[in-house]
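Before we start, here is the structure in question, set down as structure tokens.
To keep things simple, chains are lettered A, B and C as they appear, and every chain counts its residues starting from 1.
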Amino acid sequence: MFYLLIDVLGTVAFAISGVLVAMEKKLDVFGVFIIAFVTAVGGGTLRDLLIGNTPVGWMRAPLSIFTIAITVLLAVVFVNYLKHFRKSLFLFDTIGIGLYTMIGIEKGLAVHLSPVMCIALGTMTASFGGVLRDILCNEIPVIFRREVYATVCILGGFLYFGLVFVQVPAEVAYSIGIGAIILLRLLAVRFKISLPNIYRSSR
Amino acid sequence: MFYLLIDVLGTVAFAISGVLVAMEKKLDVFGVFIIAFVTAVGGGTLRDLLIGNTPVGWMRAPLSIFTIAITVLLAVVFVNYLKHFRKSLFLFDTIGIGLYTMIGIEKGLAVHLSPVMCIALGTMTASFGGVLRDILCNEIPVIFRREVYATVCILGGFLYFGLVFVQVPAEVAYSIGIGAIILLRLLAVRFKISLPNIYRSSR
Amino acid sequence: MFYLLIDVLGTVAFAISGVLVAMEKKLDVFGVFIIAFVTAVGGGTLRDLLIGNTPVGWMRAPLSIFTIAITVLLAVVFVNYLKHFRKSLFLFDTIGIGLYTMIGIEKGLAVHLSPVMCIALGTMTASFGGVLRDILCNEIPVIFRREVYATVCILGGFLYFGLVFVQVPAEVAYSIGIGAIILLRLLAVRFKISLPNIYRSSR
């Protein structure tokens, strides 16, 4: 029940990030909906395709499509007020990333993937929606250029497997993994931590 | 037999729309073929991937690849004459959209998806080819910016399920669905109907 | 064993081509890794998705992800020295294309696709990684604009099926197919052979 709430909040945050990028590109209302939808379900869709889990998740769960539709409607109408919720949205987004990473890892374990592949799957679940959003809007994906977004998912994944390895019960490790991803991202953004610059020498 | 003819005409129209966009970008002849191919089969491929219907459709049906190859050959050679067929091509394209939407809905029903998901699947079948075409040519997909293309597929899908709900036989509803999509699109283009502008307030 | 070595060399060459494009776009180190990864495994992933071979190949074979990680690390650190290896890299890349085309054809045969579809699958296996690399970096894929890359895969595929048709043993035809692709590409690049220009008349 608690995880369902997180899932809905994450979906809302992901969808709104899609709405904002799409509206910046002046897409029509259908385009805005599609970008919001793709941002919210893209990661889980890629995950399900790669492991052969079809029909993919959102097709079997009507909740996400309705959540996204209502979110888009409200976001488009009240777009000028969205800036007041920037902090809440960032928090929901971060919580969503934590949850989606761990869901991806869980699904990888269910098809007997190795830990490294599970972590790759979890990271894709959390980040591919944003990649698709940016490709559809004709931008180089933002997560390839800045932010430690994906790095944080990978660290959280390793923490989870480390905890399980030292006999921490899986459910506890699961919650700690989510919490660690949330905390790390908040810290990274707060202290403007980014990946080491690999271009110094070329300047 | 009749539906097969529609399918071929739709494939031709989709492939030609790919040829035109690719030639505008000055791609080489292989690039033109791939864009035409992707435009024609992209929607059905995404549909088959999402519902786990593999190998995907075009791999099991040699007709489409040959239809597309011949279409590309003729379109490249006679590209200067294509403008005389603009109206026929638009008609074939519209007929194709109607048919592909309903084929997608049918495939969704076959794997027990809910009506809303079937309509989403049908709309993707009809429109994702054009989305891929535009992404590969480095453009924001045209259906996100103007035209009521996808909206018309969605309306046709709801009409189909409405008719089935009031006990109209499925085959009759199927044909009416295709016809409605064709008619609505012709009307929308004829009377320049577009989605409501959501950017008025921001100007 | 010999094929495994070719596979690793091809993976290295593909990954480095990803690193170079990504660094030109000034992506961060995570972005560089993802582009390298996608370039190296994208073709095989599309192939496995289209024929329903899931979880896709790289998820079941940890070798590729480690090969790519080490390649990226070395390529980023020694990027200024990469130009000295340009010829070796081009050779590895070409060998990789030959091998991946034939692997794709083999996988197509395993799910009973027709020869034409097997050749399409082989060509996609060899070339889709580069297409994804270019899309993610917001470029029109280079293979749609110049180079006979994909054409060479198609010719090699037809040669393979021709040889099998005249009763050449499959393993022999397999090796000849790989060799022919390598040879044709080297010749095409050496003598600057390209596809016929389809734009003369429009100038």
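Methods note: a contact is a pair of C-beta atoms (placed from the backbone, for glycine too) under 8 Å apart; a residue touches a chain by one contact, two chains touch by 3 or more.
Owing to the predicted nature of the structure, the values given are computational and were not obtained by experimental measurement.
Residue numbering shows that chain A and chain C use the same positions for less than half of their mutual interface. Bringing chain A onto chain B by least-squares fit of CA atoms involves turning it by 120°, to the nearest 5. The geometric centre of chain A is 30 Å away from that of chain C, both derived from CA atoms. For chain A, the set of residues touching two or more other chains reads 49, 52, 135, 138.
The part of chain C that touches chain B in the complex is made up of residues 49-52, 111, 113-114, 116-117, 120-121, 131, 135, 138-141, 143-146, 148, 150-151, 194-199, 201-202. The touching residues of chain C, when paired with chain A in their complex, are 22-23, 25-32, 34-35, 45, 49, 52, 54-56, 59-60, 62, 65, 76, 79-80, 135-138.
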